[in-house]
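Each structure below appears as structure tokens.
Shared chain: chain A. Partners: chain B in the first complex, chain C in the second.
== the complex of A and B ==
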């Protein structure tokens, strides 16, 4: 199971980089705090403001995480060693995608209680729905983000390119995530926005399919 | 296994680096590739090892273009360069076991420890390599290149940073490789260190390769 080996390696590298983890955690938590102060203390539409805040924070935290993931292979040329191993490129991609997903999921689990407390939203009953939305959004974000990070590798303005590629491509995912989270937190009837689940699922499948088709070429061309 | 680069051209930003270079790596031979800094030695090594595509010309393994059997070619090559190609936050054992598993080596951990012992690094096998000296790092690089017992070795400055014991270990690998029919490309500035194991010398100058006496 090559993808599990790659995932474990990436997670090990994330965990050993305390400076990166501290930056990621503090940055995303600060964003939630700042936006809660900006929208509050009396929230007009707490569910809407909270949903927007948590997903904005996750988007920016995700760019940090994906940039770090990209650097892991570039720092000492280890990406070359990955290619020389002859391992199946799609397995390498899946391993890195799973590691990025785990990292973003950890950030989401950090932000979720903070958002609930600062904005006074959410109930335990809504938790499974919100976690389902997060899973859909983060699978898509990791799938597209890992592909784009590989595409940006080797370029001078890679961090900029990564953001420029990620934001417009993932707009349907963000809209779906915000609308569904808003609904689960009691801002709107869930039935009215449930079609966004299909949009997000299509985005997830599309990202993975595109990577299955392109990742090897992207990996080779990144040199 | 015969690895051959034929009429290889490579340019970077319109600056020609290789202009029709041909070189053959044959079993049981250690070919020293020499040349001044910037003469294209590392570029040629990267092209032969499939890490970089040539602009023109081709690389073949047993007369089949490497682009048609890239996985097989990559698994047949042991590549060591002056860039470590390792994860600095991992230990030598973690690095080697990781790459062993990717390359399909059975019992990667035992293989990793055996190689580290061979290169005199057994005592540091479980320390993160981030603070290793240049010589220690170079030994781990050499271990990585030998993980899957490759049929072809491409060593780019393998002696860099090594003490006498390290140089002797590299020469042991090269001598053993010759005896076992490995094809080897050795890039080294201080060719005296490889004396006794080198069977041919090719010099790169002005983008072309010349067989040296």
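== the complex of A and C ==
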């Protein structure tokens, strides 16, 4: 199982880089703080504002994670070794995507209680629904993000370019995540927005399908 | 593949330009003659420029998508040239859509901009293809073609979203179906033909530029190679 080896390797690199993890955690928490101050102190629609805040913070912080995973690989020479190993490119991609998913999920689990406390939203009953939405959103984000990060690897100012390309592409995913989270936190009936689950699922499948088709070419271009 | 521009192309381009200019003039003339819409008045005539430019934009980005697939399968430089040329011209038409849209919106909806599904998705499309231009211009020649082809394919995923946005999302101000009088439909069809031929003509110019660049780059390499060999012989 090559993808498991790659995922373990990437996760090890993340765990060893404690400074980066601390910075990522602080940065994403600061985003939640700034947005809650901007919307507060009295929240007009707490469920809506909290949903927008948690997903905006996660999407911004996620870019740091995506670019850092490639930087770490470049620094340690693991990327070249992987390409030389002759492993199936899609397995490499899936391994990296799973590692990015785990990193983004960790950031989300940090942001979720912070947002719930700052905005006073969410109940334990809503938690499974919100976690389901998060799974859909993070699969899509890591699938598209890993592909785009690999594409931007050789570029100067890649964080900027990655944001410019990734955020517009992920807008359907972001809107879906905000609308569904808002509904689960009591802002709107869930039935009214349940179609967004389909949109998000399509985005997830599309991202993975495009990567299955194009990741080999992306790797070639990076060489 | 040769980098000589074929003779038939050089001759045909002139006629294409004449046709494009004639058709665009004709379409403007028809816009002047088209019936004035009862509610919006003359402002409604923006539609004869706005809709054709939007359709040509989608066509141009579709060509970039197809050329991207062809480049990845064949690795022939001409497909990269076609994709890049069509994308750049498409971005110009997309900009026309982004300018004429708010002009219409101000009159019809009393606002320059609203976060309505089609406007939002089209803005996203514009940002993505503008990003394509920025990234392509910052790439080194080695990976430029492959990365451009990949971007052309990946960004195309947004086109069906723009097309279907009025059906998928509620609250769209763009109509799903438009009923027009025969006179108006005729003007719109001529406008579409005009903008399509105008796209072909501008695309031809842009492709020729890519062709010349490729030829120059090969000449440059050949000169550098012969200079290197001469230096070795000495």
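Rule of thumb we're sticking to: the second predicted complex is superposed on the first by the 221 of 223 C-alpha atoms of A that agree within 3 Å, B and C clash if a C-alpha of one lies under 4 Å from a C-alpha of the other, contacts with A are read in each partner's own complex, and residues count from 1 in each chain.
Definition applied: a residue touches a chain if its C-beta (ideal position, glycine included) is under 8 Å from a C-beta of that chain, and two chains touch if they have at least 3 such contacts.
From a predicted model like this one, the values you see are computed outputs, not experimental measurements.
When the two structures are aligned on the shared chain, A:16 is found in touch with chain B, with no touch to chain C. Applying the stated contact rule after C-alpha superposition, one finds that A:78 touches chain B and leaves chain C untouched.
Touch criterion met: A:5 reaches chain B, while chain C stays clear of it.
Of the two partner chains placed by superposition, only chain C is touched by A:199; chain B is not.
By the touch criterion defined above, A:86 reaches chain B but does not reach chain C.
In the superposition on the C-alpha atoms of chain A, the part of chain A touched by chain B in one complex and by chain C in the other spans residues 220, 223. On the chain A side of its complex with chain B, the touching residues are 2, 5-6, 9, 12-13, 16-17, 72, 75-78, 80-87, 220, 223.
Residue ranges on chain B touching chain A, taken from their complex, read 49-53, 70-72, 74-75, 77, 79, 81, 83-90, 94, 98-99, 101-104, 128, 144.
Residues 147-148, 151-152, 154-156, 161, 164-165, 168-169, 171-172, 199, 206, 210, 213-214, 217-218, 220-223 of chain A are the ones touching chain C in the complex. Those residues of chain C lying in contact with chain A across their complex are 72, 120-121, 124, 127-128, 131, 134-135, 138-140, 143, 146-147, 149-151, 153-155, 157-158, 161, 168.
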